[in-house]
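Provided herewith is a single structure, encoded as structure tokens, for subsequent inquiry.
Naming follows writing order (A, B and C), and every chain is counted from residue 1.
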Amino acid sequence: MDRRTFLRAASSLVVVGLAGAAPAQEPDVYRIGAILSMSGATPHYGTVMSRGALVAVDEINAAGGIDGRKLELVIEDHKSGSTQAAVAGMNRLINVVKTPAVLSSFSGPTVAIAPISKEKQVFVLNGGGVSLKMIGVSPYMFHNRSLATDLAAAAVRRAKDRGFKRIAQIAGRSEFGDSVIAASQEVAKKLGMEVVATEQFAADATNIDTQVAKLRAAKPDVVLNWPTTPQAGLVVKRVREIGMEQPIISMEWTNEDTKLAGVASSNGVEVATDYFAPAADNPMGQRFYDEYKKRYGEEPDFYAANYYEAVQVIATLIRRTKAKGGDFWTGARLTEALWEDPAFDSVYGGKMTFQKNGVALKRVAILKVDEGALKLERFLPAQAD
Amino acid sequence: MDYVYHVLVMVCLYAILAISFNVVIGLAGLFALSHAAFYAIGAYTTAILTTQYGVPVLPALVCGIVLTGVIGAIAALPALRIGGHYLVVVTLALQIIVIDVLRNAQGLTGGPDGISGIPRLTLFGQTLSTPGSFLVLAAAVAAFVYLITHMLAFSPFGRALRAMREDELAAQSIGKNVVALKLIAFAFSAASAAIAGSLLAHYITFVSPQSFSIDETILVLAMIILGGTGNLFGAAAGAAILVALPELLKLMALPVGTADLLRNAFYGLMLILILRFRPEGIFPERYRYRLPESAKRAAGVLEVDAWTRPVRGEVTLAGNDLHKNFGGIVAANGVDLELRSGIVTGLIGPNGAGKTTAFNLLTGFLTPTAGRVSMRGLPLADRRPHRIVRSSIARSFQDLRLFKRMTVLENVLTAFPDQLGDRLWNVFLRPFAVRAQDHANMARALEVLDFVGLRDRAEQSADNLSYAEEKLLVIARLLATDAEVLLLDEPLSGLDPTTLDQVLPIVRRLAEQGRTICLIEHNLDVIREVCDVTAYLDGGKVLAFGKPEELMRDPKLVERYIQ
Amino acid sequence: MDLILQLLANGVSNGSQYALLGIGFGLIFGTTGIVHFAYGPVLAASAYVMWWLAASLGLPFPVALVLGVAFAGIAGVVAYLVLYEPLLARGSPSFVVLVASLGLFILVSNMMAVLFGTDAKTLSDISYGIYVLGDVVITGVQLVQIAVFVIIAVGLAIFLRTSAWGNAIRAVTDNVAMARIIGIDTRKVAIVVFALGSMISAIGAANILVRDGASTHIGFFAVFYAFISVVVGGVGSVWGAAIGGLLLGLVESAGMWKLPTEWQSTIAFMVLFVVMLWRPTGLLRGN
């Protein structure tokens, strides 16, 4: 190929791209975008999140869609956190797919697309990222995952309730780990507890021997285990291996963690989290659980649940705006509809309510791992700090 | 169509990265893996200075460029001194450390959360908040970087880089400081990456460590390989293709859950296939550019006789009692050798006698274990080869070491001493003076080629020469250094009688001008014809020294040598 | 005091793993001069193969281990024959070979995620002991890690010293041109070192699988640590890679005694810079 042919080919591609279709007012299909971690260092998040969302989409479509029109999920990949990839995906969703509603995940990508969300009035619902940086960056951005800081506060209160005084904490070096450590330190201070060790490790590390050895040397009463899956499991495995018998309170626990830690080591680990488990008084959760397990042969974790829930929220919003008529399929209208009644059915049971800062408030559950299964100990009331 | 504009903005940013990385990878032939780290440093410097210190955009950009260049140079220095694969592992470690520091130096970099709220750029009172408006700036900057890098690539500096890539020892032998060349190329490349980083920061208005992983470096590398190693346009085209490709791949119907994994796998596969079947890339390196007519017209006849040293027979380069041990092996065991101006000295001796070692010791390619080398009585101790050339001593190699992927003319052109354009700042600050001098040098190079009978071949690749022509080119390259002392390692072996008749007079004429010539040779007839004196080396020392006929009458030597 | 002892113990055990990986990588790199980045995906793939054989097909772990090691050996040789050799034969510069191995890295790690899923692979039915020595706790895996490293390092050193193949490998490592002149078939030597080196990586893979479980990305850090171990210790000798790996493990662990642990990898890789400034050709081969 010589230079000229190449340039000609390239410019014709651009022309093709520019000649996209004009926006339609009433869509044949409601396309919902999702910017997830489909490849890169942690593709498993993308796998479960997309599955959760797909279960919801299919369930809604099977029930006739929204007045006969179907939902469709269009997935973009942010390659485990690349902001450039997220922005590219966001632009593609807005311009090519022409969707006004996008599910996002991970804090970095979510912050990165916030300016576009604000400028183009795109409704964004994040069910994975937990950083405080995502608060207040776009009026069209919402979060149906409890903030990590709220969960951390709950975990520390739980430790206090059980009478512990010396706490040691371990976290990954991520926006998640950082915000959690800051929050728990503050709560511990308020409750008069002593933080005797704070250890962090590289976000993708599998070797955390050094950190765990330092935890043990600090001789704490309790270990607060902040990492997300799968390192939460890895920490428990190492802590038990090195002979520490102290109680452990985690913030996240999925099947992956039980697998990594082993069933025996996992026994007795407490988890302070957005609780997702099917129950008789929670038909939405039960429905989701059954369908997910049938399809994928494994139990859904709370990430899958959050994205199932997110799609349900968007479907509810579309129904609300459609009822009012006009140019209803826009981010601004969806946002407006959300504020009309910020309480939604939660897949966790009961209602969740979006607060002024855009974060849904859910009750926090204290669970206990028992032979690989999560058993509910008690609920802590939803509490905004 | 913000989407298309966004894709084009990314094409511009990656084009900047690919073009600048190509200076290191393609031109200098250095293999590094830290380009994303420099991209990151540029982005973060801008982000920190503009958000935390309120520095205006332009000074912040300049700081980013300078800082990145300096960090690049310092980090790579230890590896550049050694060369080879060490640079790969050091730059890989640098990449990891930089991302680690961005994650951990919370106060400065915002930690894993990154830095948000980076101000948007304004151009002529217009805020560049949409991809479309930003594209104008991005394209302009990409064009600017292309232009600057093009100037570098086609300057004497760029030529020296390519010569170094082709053969590091030969580049040293014609006076190029290879460590400095590598360092400047590396710093230039890093600094250009910082420009892309800074643009990215202002475009997305948010930076976080995850955006600058090693995968970014590999992506840029793939762009270069695909487009064409050493070809700047190719790098830009590679960027366009690899930014557009994933977008086009989205048109492929793939299973939802694994679509992006499959796309990545496809990308890896494509990389392998390109390397396997078209390793030179879509646009192979162009080095056979046309010779300017003005240079052709200006070329006259080489005025060799104008170069005449008045004194003949004066000692120039001398080695006294040179010793060299490699482990247990003694390669030089007290070599004493004095070369004189206007005299052709022949070096003979059996294989392994230490002839080439003597050359290496005299020209600084080896440091003697003991002994001393001097030029006109001044010691040359501890000088690196390129410094020795500047003392007017040049050598050729037995294995020729031509710059293969360069033209015949360029082989000669690179060897001229004291070129203005060898210094990068002259290339940018005095472009016209550099150009004028280069054209004058081209004319001179043509004269040199004419002198050895290779003028017709000037615009061809050195790859295409016959063996005899290669030998002639070696001599032409040596001549171009304009050195007073010329050491030739077997310049005549393997030549047919016709070519010999062509070369021998050249050697004699050079000596008659007053140059000091020393050559290693096995053919005794040739020695008799061309040499004034001969040194017989064996066992790492000079055993006999005298007129060729005298040495050849010594039955003991003849016996040893014939055996 | 118990902390530093524990950290030293951890450092030796992790260092043994790095050293083991370094020996395999260094054998290939030192002998053929190929920076075999695909060492990483070969390692990861063999971990997946072992997991698949043991967890899905229910084979006993030792059998899965042997088959996994064999698989790695074959995969390594195939990588050499299909990817590297044709490139080297046409005289491609070494960085082209290196980029090709990066391409293979991308291809394999993504395809593994496609074929085996993105979740972590663990073997639930393997248990190992935990031993308490005073204040120091050591797990069975850690001991195995150290033992395996020592056995393989010594075994390889003996092999290289005494066997005909070993001599040929050492000759090629020393000087390829000379080895060719004295009639050594360098192609066969390359095949042997790719097989051996890859098999060693598979043993490292087994350690990772049992200890932490396997994921598609274990390859990158494995090859990276292996590479650094070799460069720090010195290219071209078993003991160089071994010392480099142990040093890396110890610095990464004991170096954190009084330092915040998040700086772990930064500190560890600073060692590389220091060594390169102080002894550019590695600890063992410094001149």
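Simple rule for what comes next: contacts are C-beta pairs under 8 Å (C-beta built on N, C-alpha and C of every residue); 3 or more make two chains touch, one makes a residue touch a chain.
All values derive from a computational prediction rather than experimental measurement.
> Specify the chain with the shortest distance from its C-alpha centroid to the centroid of every protein C-alpha atom present.
When every chain is reduced to its C-alpha mean, the one closest to the whole-protein mean is C.
> For the pairs A-B and A-C, output the one whose chains share more C-beta pairs in contact.
If we tally the C-beta pairs in contact for A-B and A-C, the bigger total goes to A-B.
> Approximately how many whole Å separate the CA-defined centres of chain B and chain C?
Once rounded, the distance between the two centres reads 34 Å.
> At what distance in angstrom does the C-alpha mean of chain B lie from that of chain A?
Averaging C-alpha atoms per chain gives centres 51 Å apart.
> Distance-wise, how many Å sit between the C-alpha centres of chain A and chain C, to the nearest whole number?
Chain centroid spacing, chain A to chain C, equals 36 Å.
> Residues of chain C that contact two or more other chains, please.
Within chain C, residues 110, 113, 118, 262, 265 contact more than one other chain.
> Which parts of chain A, given as residue numbers and ranges, touch two or more other chains?
Where chain A meets two or more other chains at a single residue, that happens at 39, 41, 43, 46-47, 173, 202.
> Name the residues of chain B that each touch 2 or more other chains.
Touching at least two other chains: 100, 103-104, 261, 264.
> Would you tell me which residues of chain C are touching chain A in their complex?
Spelled out, the residues of chain C in touch with chain A are 2-3, 6-7, 10, 13-14, 110, 113, 117-120, 122, 124, 130, 132, 137, 139, 208, 212-213, 215-218, 221, 252-253, 256, 260-262, 264-265.
> Per the contact definition, I'd like the list of chain B residues that touch chain C in the complex.
Contact set of chain B toward chain C: 25, 29, 31, 75, 78-79, 81-82, 85-86, 88-90, 92-93, 96-97, 100-101, 103-104, 214, 218, 221-222, 225, 258, 261-262, 264-265, 267-272, 275-276, 279.
> Write out the stretch or stretches of chain A touching chain B in their complex.
For chain A paired with chain B, touching residues are 1, 3, 6, 10, 13-14, 17-18, 20, 38-41, 43, 46-47, 50-51, 54, 73, 75, 77, 79-84, 87-88, 91-92, 94-96, 107-108, 111-112, 114-115, 119-120, 131-133, 137, 173-179, 202-203.
> Using the touch rule from the top, collect the residues of chain C that touch chain B in their complex.
29, 33, 35, 83, 86-87, 90, 92-96, 98-100, 102-108, 110-111, 113-114, 118, 220, 224, 227-228, 231, 262-263, 265-266, 269-270, 272-273, 276-277, 280-281
> Taking the touch rule as given, give the residues of chain B at its contact with chain A in the complex, in rising order.
1-4, 6-8, 10, 100, 103-104, 106, 111-114, 116, 129-131, 200, 204-208, 210-211, 213, 215, 233, 237, 240, 244, 247, 250, 256-257, 259-261, 263-264, 282-283
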